[in-house]
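Heads up, the next two complexes both have chain A, just with different partners, chain B and then chain C.
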Partner chain A sequence: MKLKLTALALSALMAAGPAMAELVFPSLSYRTGPYGANGIPFADGYADYFTLLNERDGGIGGVMTRVPECETAYNTEKGVECYEATKGDNPLIYQPLSTGITYQLIPKVSADGFPLHTMGYGRTSAANGKIFEWVFNYPANYWDGASIAINYLLDENGGSLEGKKIALVYHNSAYGKEPIRTLQELAAKHGYELLEIPVDHPGQEQKSQWLQIRQQRPDFVLMWGWGVMNQVAIQEAANIRFPMENFIGVWWSGSENDVIPAGAGADGYKSLNMHNIGTDFPLYDDLKTHVYDAGMAAGAGDQMGTVLYNRGIYAAMLAAEAAKTAQEIHGTAQINAAQMRDGMEALEITEEKMAALGMPNFGPAFSVTCENHGGSGRAKIQQWDADTQTWTILTDWIDSDRSVIDPLIAADSAAYAAEAGVEERCN
Partner chain B sequence: MFYREAGDFSTTYQQDSQTFPIKFDRYRYYIVLAVAFGIIPFIINDYWASAVFVPFLIYAIAAMGLNILTGYCGQVSLGTGGFMAVGAYACYKLMTAFPDVSIVLHVLLSGFITAGVGVLFGLPSLRIKGFYLAVATLAAQFFLVWLFNRVGWFYNYSASGQISAPERTVFSIPVTGPNTEAWAKYMICLVFVVVLAWVARNLTRGALGRQWMAIRDMDIAAEIIGVNPLKAKLTAFAVSSFFVGIAGALFFAVYLGAVEVGEVFGIQKSFLVLFMIIIGGLGSIFGSFAGAAFLVLLPVLLKNVLVGGLGWPTDLAAHLELMIVGGLIITFLIAEPHGLAQLWRVAKEKLRLWPFPH
Partner chain C sequence: MPDQLLFAIEVTLNGLMAGVMYALVALGFVLIFKASGIFNYAQGVMALFAALTLVGIQQGQVPFAHLINATFGTEIHYFGWTVPSLLAIALTVVVMVGLAIAVEKLVLKHLVNQEPIILFMATIGLAYFLEGLGDIMWGADIKRMDVGLPQGLNTVIDDTTFGWFGYGFFIDNLDLIATAIAAGLVLALMIFSQYSREGRALRAVADDHQAALSVGISLQFIWILVWSIAGFVALVAGIMWGTKLGVQFSLSLIALKALPVLMLGGFTSIPGAIVGGLIIGVGEKLFEFLVGPLVGGATENWFAYVLALIFLVFRPQGLFGEKIIERV
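And now, the complex of A and B:
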């Protein structure tokens, strides 16, 4: 059996051997398991954008792109396997879409020299480029998200949350625990009371958590959920008749998959978002001509225009723009992972650039520097309308409270640096 | 023809009671060891280490541990994941508290700590058995995972609740952390596997193993012939948890490097290891290896064939993988309810007569 395995893996390796002149963007996707509903649209968007670049522009800077997919099922063991399986392929950037896998990969990519982009997830303190050379989490991170949600609530409540009670319903994992420290600091600053309510993986059973919410009557509920947990939480909130406009999810708890199962009960539910929504962008015309109508759409081809599909496109766009920047800096079209990292560190996203790409006002304008790998840290608030089955953007870009977040990032990254023995860069 | 006792004479008592009484088996064993120690470390790469060999070896340790408890002593346990978590968190606390002490010692100590916890959760086995005991160990599983998620001390109050393994060396070669070479990862696991398999084999055929088996076969009869059930059951829990704890420590420190308790050591892990010993064969050391190989290697093999070889979509391959592995498990259990080890035993019996069966 082992022999057979060796032979098969060898033939597989040879089939996927090193082909020259291509840019490889591995997609560690998950289309199965309890998080599959959210993994599919992201993976489709990611793949479709690169297909568009290949079909319309002949790749990036004249070099074709390739997006090998590897199924992780949001499982860290499979994530490790996928990383090891793809790292011999000259990958330019890893985007695992899982905070658990990100924690596994941070030390590995730092040792092997591959950039890791965790867009709005992963380890928040990776925003400190002085410590995390290979890890990026622009345009915004969890702590920004927590602070933006609180800033929005401050705005709604005339600038004061004194005496209010805010519950955080979170996925009981590294992902869900990330915002707690920030919310505690902000609680001290703004005088609200924080109620922490964990939900264990995968989150299909939340009766007791929502019973607790019914008893303790928080004024607002924030949610850090993912996958099936979102749907269940929104359904449970509807069941206990919690006022939906006081229920705000992070950007990972605000897609169509999360609200549609709750039907009319989900009406008014709010969530953060780090990019714009809908198909009303010139980019979608190109996608239709070059990808959908050509029958090259990834997956089942039914996810266009959903929140997470747009997020996949956004992630792919940021990666492609970083690759372009890297090509300009190094004067070569066939960049490698180290050059890609330089490109990411010099990445600048402006309104003009996004408009030229056919995505006007799609995401925030931001620039990445050696010190700041976290981008601008802005997000919008969107609200679900159950009748029309659409999200509506309610606000403009909201800034996070850097005076609270920056010291937290400095402290947490310093702890990592001490643990892993990392020297500060950018000095 | 090759595989027979004839002509192989034992001249000492040691020879008479050796593990492999047939010459062919003995040579096969030495060849496997020679390949494992002499050839694989020189040709192994990161993918083979991280996706195939290291998980296989670590799961083999966990399966041996559970096999001692369930296969040899007859005490069903669903707490394997929780006990692996104890090993992992003990190893993490020791690694960070005493950075200068050798990692090998830390892993062994994690095993002993897990053994202590295992004995504690083994106490109900003195009064209950069968399904009731399974439920009691299930409580251990959930309690331990909850504990490591809840109490900050266990994960050194890190913001995310994750534990990550710092770099530690053996003979100044890193075996944990991101700079570990593939062969170093493989070798440390292999050494633990070989030593622990040797220990398990010799424990199970000695007085202690016979006591466990007597308890498994009929505890009242065992008590009447003078086996102390308290001692037998609790030693089974202790030894089993020791193995499982070492597996957990290696799983965290060498294999994954960073661990989130709910995801990695959840109830699925308990079931996975239980399936390994059921498919491999209860009450067999070889069965532990066979079961671990079956459940670790087969999904990786299927994935490489379906996605790498045939180029099918990853989601289709992932679903098919579940169906094929599930189908094979059922087929195997119908064809041979006593697991792969029994198939192996039957094959050996046939081989003895080959090529002239009656």
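And now, the complex of A and C:
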């Protein structure tokens, strides 16, 4: 009885005492289910970067970080449950890695006051910071992606796509439909014919779509896919002997997972990427010393250097740099979510900063402002080599066509503002 | 011939081939339902588990490597050898038979005489257990299925049809092989059930398991047998679909493609699964070709179910299912 009373008193004392300082970055991950193969490397990269900051630097600004994981299984309802379950833990930022979950969280984070970072996914018009105070989608969004693909094709075709036929094979969902409007606008501008070919979720059977492509003979095929849809599309393209160098996927259709199942057939396939690839960065030396060799790697510790692992690292780096910026702005190491938002809005990623972090040229240089939550809107093109089982970067950072995208963002965000009753800010 | 007509023929042929792929999955459901009245929700996951096991054995992967490494601090992932495809397939069959024995001993034996809905729910539990087991045993990464099956354009058909019509038909080599395998599988199952002692016992249990028990047929043995055969069929489906889309957890979702086939062909008929598959395959592909462009495309998933529902209205037991007669 005495022992129980002592334990009770001790736990009451601990609860009443000041909370231990920490910066919380919840990871709404998916390690199970049909999309687990893509969720795992991202979650591992995200966790390993924060582990490195803790082990090497003692956290951020002297405050240790914590990355509580919550499994969403890429399910929107579970994603919302994860948000509700973690929002009492003083989280600084949410990155759900799902457009479906993002759409559900936008009104919630806006009401609760938590920043949401949807890097290259989610609601494209969230790039307009005047309307979306709590949502950020830097460094690039879907419409940037569509425009970058077209700019690359323009460059490859002597500056003209006049008379060309471009097919868009897309996941028949809000995500997959995102680039259509942009591609239509660009078709009007550059004179190409756009062929829209939807694929129903999950996309295991695409014979009809690829027979149509075989019959219509487009010059180029763009793809907005995710999960099994990517693997099947690449296999079917190889089956009909579509020239793979003319097949370009968005950054969510460009991981090792997407090309390996098709074997040699995937050779030459291209995709966009919003960050650099491989392990040839000084950061990886630090990760090896402080994380991998110390036995602290997340998951099975077997994802290092993959495209989606690097994306997880990149997302974590951007979050950590925003936290540092917030600490500088507010003069406190123990920042809260509102201060983190300020840090994100003042984030500046320069080549010097990335080099100092051991990540030279890892991503594009960009600045976030009150008006622009979308970054520079740039990406590179990478190509798969089936022999060496590696991606190779083909281009430098390619800009998107702001003259087409900015009016689309303005129109869509204005519609949201009218619907949600949001007042424009940054004036 | 006009181009559109030729394309329609090509779509129809490819629909037939796709139907065979659906039927391969549906066959596993039919076998278990026919013998025990259980709708095996885990059939799709069994295909995934079989494919994961096959690739794992082929590549010399250490099962439960992540668990072993986390527990003992080791760094082992592969044995360092590869196993030839045929031997790996044989070993996977052994694993699937082991799984059938485990299912009978640990699950079904304890649920004899329970309502069908209880057994159905048990298979839901089994599906999630198997999915987790597959993940822990072999990892969640996407793997390439390579048992030497050819894939891609059949150039003979392409050249021949081009010579005839000036338009080369696309037929996938993998689909042709799937058709031959499905035909062989159906033939083997029919011979087995008609002419072997075990097959006749299986049919007796399917007709009336109480009567079968009274003449000395072991229900335990029959259940192990039928789950083993369904496991083998799942392996075949796993190989074919795994070659097409890679071995990954989405493979379990191929069960969704089998459901309309079962509704249409009947839950108790092996030929029904094949014919149902062919009708669904052709129906969804032609609908996508003819009506898809008018309604924005991507009609295949829902149209397969609409087609099955139309058949259900007129023939609730499915095209080849046994007529339901309740005597009171």
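Throughout what follows, the second predicted complex is superposed on the first by the 408 of 427 C-alpha atoms of A that agree within 3 Å, B and C clash if a C-alpha of one lies under 4 Å from a C-alpha of the other, contacts with A are read in each partner's own complex, and residues count from 1 in each chain.
Throughout what follows, a contact is a pair of C-beta atoms (placed from the backbone, for glycine too) under 8 Å apart; a residue touches a chain by one contact, two chains touch by 3 or more.
The structure displayed is predicted, hence computed values, not measured ones.
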Clash or fit (per the criteria above) of chain B with chain C on chain A: clash
First (chain B), second (chain C), both or neither touched by A:Leu211: second
First, second, both or neither for A:Glu69, with chain B first and chain C second: first
Touched partner set for A:Thr390, first chain B, second chain C, both or neither: neither
Which partner, chain B or chain C, touches more chain A residues: B
Which of chain B and chain C A:Asn172 touches, first, second, both or neither: both
Partner chain(s) touched by A:Gly227 [first = chain B, second = chain C, both, neither]: second
Contacts of A:Val199 with chain B and chain C, given as first, second, both or neither: second
First, second, both or neither for A:Asp302, with chain B first and chain C second: second
Touching partner for A:Gln184 - first (chain B), second (chain C), both, neither: neither
Touching partner for A:Gln334 - first (chain B), second (chain C), both, neither: neither
Clash-bearing segment of chain B, relative to chain C, as chosen among 2-10, 326-334 or 344-352: 326-334
Shared chain A surface residues [contacts with chain B and with chain C]: 31-32, 36, 40, 172, 198, 200-201
Partner chain A, residues of chain C touching it in the complex: 7, 10-11, 14-15, 17-18, 21, 66, 69, 73, 77, 131-132, 135, 139-146, 151-153, 170, 172, 241, 244-250, 252-254, 257, 285, 288-289, 292, 296-302
Touching residues (chain side chain A, partner chain C) in the complex: 31-34, 36-37, 40, 172, 196-202, 204-205, 207-208, 211, 214-215, 227-228, 231-232, 235, 238-241, 257, 260-263, 265, 295, 300, 302
Footprint of chain B on chain A - complex, ascending: 1-2, 4-5, 8-9, 11-13, 15-16, 29, 31-32, 36, 40, 69-71, 73, 75-77, 80-81, 84-85, 87-88, 99-100, 103-104, 106-108, 110-112, 123-125, 172-175, 177-178, 180-181, 198, 200-201, 299, 412, 415, 419-421
In the complex with chain A, residue positions of chain B that touch it: 46-48, 50-52, 55, 149, 158-162, 164, 166-167, 177-179, 255-260, 262-264, 266, 293, 297, 300-301, 303-305, 307-309, 313-315, 317-319
